[in-house]
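The structure appears below as structure tokens.
Letters A, B, C and D mark the chains as written, and numbering starts fresh at 1 in each.
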Amino acid sequence: MENTKILSSGLKEECGVFGIYDLDGGDISTSIYFGLSALQHRGQESCGIAVSDTQGPKGRVHSHKGLGLVNEVFRESKLEELKGNIGVGHVRYATSGSTTVENAQPLVLNYIKGSLALAHNGNLINAYELREQMENEGSIFHTSIDSEVIAYAIAKERVRCKTVEDAILRATEKIQGAYGLVVMSPRKLIGVRDPYGLKPLCIGKMENTYIITSESCAITSLGAEIIRDVEPGEIVTIDKDGNIHSSFIRQKAKQAHCIFEYIYFARLDSTIDNISVYESRIRAGASLANSYPVDADLVVGVPDSGLTAAKGYSEASGIPFGFAFHKNSYVGRTFIKTTQKDRESSVKIKLSVLDSVVKGKRIVLVDDSIVRGTTIANIIKMMKQAGALKVHVRVSSPPFLYPCYFGTDVPSNQQLIASSHSEEQIRQMIGADSLGYMPIEELQGMVGDLPICKACFNNQYPMEVPDQEIRNLLE
Amino acid sequence: MENTKILSSGLKEECGVFGIYDLDGGDISTSIYFGLSALQHRGQESCGIAVSDTQGPKGRVHSHKGLGLVNEVFRESKLEELKGNIGVGHVRYATSGSTTVENAQPLVLNYIKGSLALAHNGNLINAYELREQMENEGSIFHTSIDSEVIAYAIAKERVRCKTVEDAILRATEKIQGAYGLVVMSPRKLIGVRDPYGLKPLCIGKMENTYIITSESCAITSLGAEIIRDVEPGEIVTIDKDGNIHSSFIRQKAKQAHCIFEYIYFARLDSTIDNISVYESRIRAGASLANSYPVDADLVVGVPDSGLTAAKGYSEASGIPFGFAFHKNSYVGRTFIKTTQKDRESSVKIKLSVLDSVVKGKRIVLVDDSIVRGTTIANIIKMMKQAGALKVHVRVSSPPFLYPCYFGTDVPSNQQLIASSHSEEQIRQMIGADSLGYMPIEELQGMVGDLPICKACFNNQYPMEVPDQEIRNLLE
Amino acid sequence: MENTKILSSGLKEECGVFGIYDLDGGDISTSIYFGLSALQHRGQESCGIAVSDTQGPKGRVHSHKGLGLVNEVFRESKLEELKGNIGVGHVRYATSGSTTVENAQPLVLNYIKGSLALAHNGNLINAYELREQMENEGSIFHTSIDSEVIAYAIAKERVRCKTVEDAILRATEKIQGAYGLVVMSPRKLIGVRDPYGLKPLCIGKMENTYIITSESCAITSLGAEIIRDVEPGEIVTIDKDGNIHSSFIRQKAKQAHCIFEYIYFARLDSTIDNISVYESRIRAGASLANSYPVDADLVVGVPDSGLTAAKGYSEASGIPFGFAFHKNSYVGRTFIKTTQKDRESSVKIKLSVLDSVVKGKRIVLVDDSIVRGTTIANIIKMMKQAGALKVHVRVSSPPFLYPCYFGTDVPSNQQLIASSHSEEQIRQMIGADSLGYMPIEELQGMVGDLPICKACFNNQYPMEVPDQEIRNLLE
Amino acid sequence: MENTKILSSGLKEECGVFGIYDLDGGDISTSIYFGLSALQHRGQESCGIAVSDTQGPKGRVHSHKGLGLVNEVFRESKLEELKGNIGVGHVRYATSGSTTVENAQPLVLNYIKGSLALAHNGNLINAYELREQMENEGSIFHTSIDSEVIAYAIAKERVRCKTVEDAILRATEKIQGAYGLVVMSPRKLIGVRDPYGLKPLCIGKMENTYIITSESCAITSLGAEIIRDVEPGEIVTIDKDGNIHSSFIRQKAKQAHCIFEYIYFARLDSTIDNISVYESRIRAGASLANSYPVDADLVVGVPDSGLTAAKGYSEASGIPFGFAFHKNSYVGRTFIKTTQKDRESSVKIKLSVLDSVVKGKRIVLVDDSIVRGTTIANIIKMMKQAGALKVHVRVSSPPFLYPCYFGTDVPSNQQLIASSHSEEQIRQMIGADSLGYMPIEELQGMVGDLPICKACFNNQYPMEVPDQEIRNLLE
């Protein structure tokens, strides 16, 4: 474990949260397990579950956290120990160094009013200042994640507020940034979404069981129904009678929904703010077809992230859609580090070209992004070796150029090929016959009139962000 | 560990074998790791690697075996311990009860001429008799797998033969059944394929490194080139000078290649006996389109096994191809057993329907087989709930009706819906609007003029198989 | 993990602490490992190490904690990760229920002045009130141990104090109870001992490396020299120049050193407050011989706790000393729970009587305490079966009758045979021919004129303790 | 796993065997667990249990083996899986390189008559020749232990013998060396002891449960009664009616019981061939007192191996016996390798001198052997630092000078200080004031008139042993 004053990990988090409340008193730990499994794509490094029994002794919380996937951390026997009818769960992704059990969530803590469990997706931009201020008042921190700052902000307000919702409301006046939050108090399940709507959060229901979670796929996977999205700036409280109370954060903010959720991050079968992720990607592919038409025989996608946009390109262009690859699903997280000099062969173990499909064809190859460019270069080389006549690359997002301060892990400039090379240079480097990135002005078309944050493409942040000096401090 | 006289496990094995020999003396354990990863679809229950150094002390073999996937059993540190330039590996699938480390392969043994390591894919039909006979001569068995019978047959002949190939040749005169075999002797790598060609085996090469393995995908994944298939009945020996010696098993047999490899078992990017697995499945889909045409809006496949045949159906019928599902790739082997009464929800966690794709559409749903029928019934129900107007099911294999004696795990009759219900009954049970199985007379079309074994569909076995009495004994 | 308001675990802790500071910058994690191994008898349930580099970035702490013995939790690879020249370690014993990694120590925390690591042996009697008060000020607790209350008390004072020693000094004005404390700040190693001297703490040195630890055996095991004991109420600070600063807690208190350390808890080769533990036990044996002389052939001790007092009895009485038992050293913590109806056989597996030693002899059997009486009853039965003519039992402590509030795990009344039976009743129940407990008035003789706490024997506590009502709350 | 033709491991084995048969059908796996725990001192590297149900399907054996101590390899859940009323267990010690699960025992094998489980303590001197001969007949070996040679010898005879006892009898005509063997056949428990009586084996009974095991401590620990020792050359069979059949190996041999069992190897509370191990060590100490009297104040033993002989020395000399050391019982097998330059400090962590005991005293220090001499040198140094005036060393065995071929791990010559130094040189090297080894002619006195093997001291082997050339081959 490393403990430092620097919130290095806070900046690079991607996460999924899941809260559930069975008013009829049924056990919910298995449902959290399934819900977190549906959210696993949002974070694979650690996970946790905290449950409580609203009928039992006030505030007795059972929890377990661990490093690894949901099905690695939780076995049948562990779930059976987690008895309760209200609970929250969390999946987390963080860059190396801070991947510790201590930093895993949910945070479970004891304070003036008993126990509280909290799961947070997002990132605060003023965590550093708030933490310093709290430490000056004698506070102790056990983790290096900014979620503990939120917990403290709530705990400090709770002393003088009548309800936990009020304490949360007052705490939100201090914290700045992106957050989708699920809080379990002894008798209530509470969801909080930042006023910009940067992070998604939605509500579901199945009989007398209520769910608040990051993505709708976690609701439908359980066979439950989607009620609605939590609105930007809304604090939603589900009480023991199944009432859904709503109050709003006072801070006024212009909505700025993260476009990255639609481009890559969210699951294909989720609907966020009434927009189908699948449909948005089909539209991205169509937009690419209109912006960069080409005379070709076949459209293929890089599995799995490029498949839907490839389908959209095919439909809009009339060029047939095909499968050009076999992906080895057994090459996963725990695969050995390749020590082979040739990175190319490492790609071959994960992805094989179907020779008979690409041979003699002019191909449109669609992916959702290009980071370093080495993987796509290897794929193009493999396709040419298999006999492809042409490989035209189409990318369903604009080039990433600016850092994200809200919890999305955009690689640093040094790693981004786009930050130091022109499109023509990139085309040559990867060996493509043509290259087209999604034009930034077409991005809005993916999501209709939903206001979006596209700061990572155009440097226009929805709120004032730390200047360069603090930025370095944070890294 | 259970030790019994009954070869129960022997009957139900599916496996992959991989042998490699670097004439230049380079370490090959990492290559075996990658090769086995490419063969992982052939067996996920146990795996093993045995290596030797042809320059080192004669016959010193280092090996490791374990239960689980290749990347679970072998970590970097373990691979580093396995130093050598010649080796064999194995992945295994077996039904419960005999999934023990003892039964994992390769078998490593010491006999008159030093060490031998042996990896076997397939099943003998006279293992029981041979084993009884060997025990009568004072032999001891440490495992309950029929591969140990092959090892004994070779060891007993080796006493009076000049070379290990000769011993293998004489041993093959005794064993009856299906086998793809890779044998490592102190200085030679040997591949053996049964005279019927029931099990696949092929040869690859990369510079001065030779490979003998079950499927070509393990060759191409390493960046090596396919040389050719081992012929039915051929014994191929690679010696230290890179010579490929060939001799043939005396037993005459009519070729009968397992069609199941093309329908389901082999990897999409493999080529077996000069026929592309991908193309054979496209042809299966086309054949279904011709046999069971229907007026529909969209063709979709059950991921991943039905996707290619669906593509073939779409191309032949002109009905557009689409994706209707999201598959949760994190729901794997170690997922908790679902305790929910409704099996339906268990399917939902693994597979989600993309509502916007299926809504208002008449759909052709393609899969490669129907076993119990419960999964496809749930999928159809989910599609209808999502708004599909019609769901026409097409299956790219005929109904399985007869047991396989050659190492393919065909479920027992009781579990097979086809063995006790008519097609119309099945259609009603699964809730399809129409149902079409691949006609058995069209099966040959998948693979051109390659002679095939389709005994599991038509009860015509390529050799005399044990009668019912012994069959029961074996189960 | 269970989180409750009740400090149930706090009451029953026994622990060992170890702090070390190498002024020359050498790595110290291996020394902590060895030091904790020497203190392992003080706590076997969890352990932890926190280290820092006084030359490195201020306050970067590396730590690791786990459930189990020191040699189970720390392997070579883990120690190598813990680089630093200053550090603290902890071994812990706690009753079941709260044995969680979260409750393991050292506590590592971030506060106004950077990082702090704290290891605590002892128990506060006002932890409950302090915690309530702190929570009322908005504090959050992550553990259920009272050591976190000490940490908060320090953190809150640190805001307004110039040095960490000052903050500790002011914090000690709030906390009430028994404590031996080692604190690591970025540049200082600090030891604190409660004003009653209830818990031991001493200072050692080896070249330019300083040690502060619970027992001297941890100093001598490392080949270091004992400097002196930390005085009751003393705060000792070792700075980067090797100066040992001393200040004193203002609270005035009458010294009351825990006699239990000498009777049972401390290691035989330790010296506490200038009194050899070994010699004190020899004196206890001698005192028993004087108080309860008997005509016998042999004096034997129950291994290992009764051996030294038996030796003392033998020397004082002139009756020869002998070994009557073989103890199976492989029957340890992880041994299976005995499911045998007869508890007697469970004793036989751990302890065997040497028949030829006891046969035909009149024996004095010495042990340090009798709790439930079942074990000694079984031992006596075994000795009689082996042919002992008489078994006279001598116990080197008075009967335990009252609870300890200071961190020593005295079993509850219900389990104590002495709380509900007369000595004569006990004698009959265990089958002894005579029975003698150490007279309470002879206890002082073990330790010369050192003022001792013997409240667990006579109900006279050195400070006001919680009354019965709160006592129940705490249990 | 290393597989070689060389039986390197065979030479250096020390083991314990335990067989049990409950005629009333009760489960016996927990009893084996306890029995092996009592034998744990005979082997700590691997262990195993094989059980069968004599009422169940013939020859179904359940077994489990693993590396580590009995309480590490077997947990409650594992023991519950091992259902049966007859079983054998084994604990093993082997030098590094061959410590593999494959080489662990019991060997469980299938042969002509079903299953057989075999546990072996000892070593064959003609294993190499037998194995070569068996391989020439087509046999396959799965392990590198000579116990598999015994198994084969039995399996080969079983084909032509009416009973398993007959097969064992005929097999013993081929094998040469030392063995204490327990064999479980489907309905019988069989014990076999080599004709020289080199290895111990005894029979016990508790109600209708029979035990055959290496040492009597495993019988008495279970609360069972010792019936008698198995005689040298005897084959003892316990059948389902509780009859004890006895037959004798034809080979005539002069008895030569291993004296090492009494000096060091066996447990203090065992009786072997009617001689108490404890008493034999008391006699060894007395013998030393007579051979090397000295004017001293205190006799102490190196724990634990030297304690009993020290007691004997004290009794015979009249010099008082004392404890001079505290041994840290937590420094065990899994302790980290000390990387400290000074080996001295490594000794200090394991053993502390009680200063107040040795100060100003002239001391006799007794141990059972001196191997490299470094440990005792450190102990003497520590005692002198603690103020001992004189340290006179007495060793209760003669110097080891010759290899053991019968399964006792005598260190190789290079490591033995005695093989290259005179006693006076050793005395100086270890810093003793005087040194006395047990005179070889006094050795017999330990065990009365029991014929003993003392070849490791005097090079007179009870049978012809391999000459130097083969010896090297074996190492």
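Quick note on the criterion: a residue touches a chain if its C-beta (ideal position, glycine included) is under 8 Å from a C-beta of that chain, and two chains touch if they have at least 3 such contacts.
Computed from a predicted model, the values in this text were never measured in an experiment.
The chains that touch chain A as well as chain B do not exist here; no chain meets both.
Taking the mean of C-alpha positions as each chain's centre, the chain lying farthest from the centre of chain C is B.
Distance between chain A and chain C, defined via averaged C-alpha coordinates, is recorded as 48 Å. In this assembly, the C-alpha centroid of chain A lies 61 Å from the C-alpha centroid of chain D. If you average the CA atoms of chain C and of chain D, the two centres end up 37 Å from each other. Among all residues of chain C, none touch two or more other chains.
Every pair of chains in contact is given here: A-B, A-C, B-D, C-D.
The touching residues of chain C, counted against chain D in their complex, run 30, 33-34, 37-38, 40-41, 44, 69-72, 74-76, 79, 217, 220-223, 267-269, 276, 278-279, 304, 307-308, 311, 321-323, 326, 328-332, 334-337, 339-340, 342, 344-345, 348-349, 352-357.
Those residues of chain D that touch chain B in the complex are listed here as 1-5, 57, 59-64, 101, 108-112, 114-115, 135-142, 144, 151-152, 155-159.
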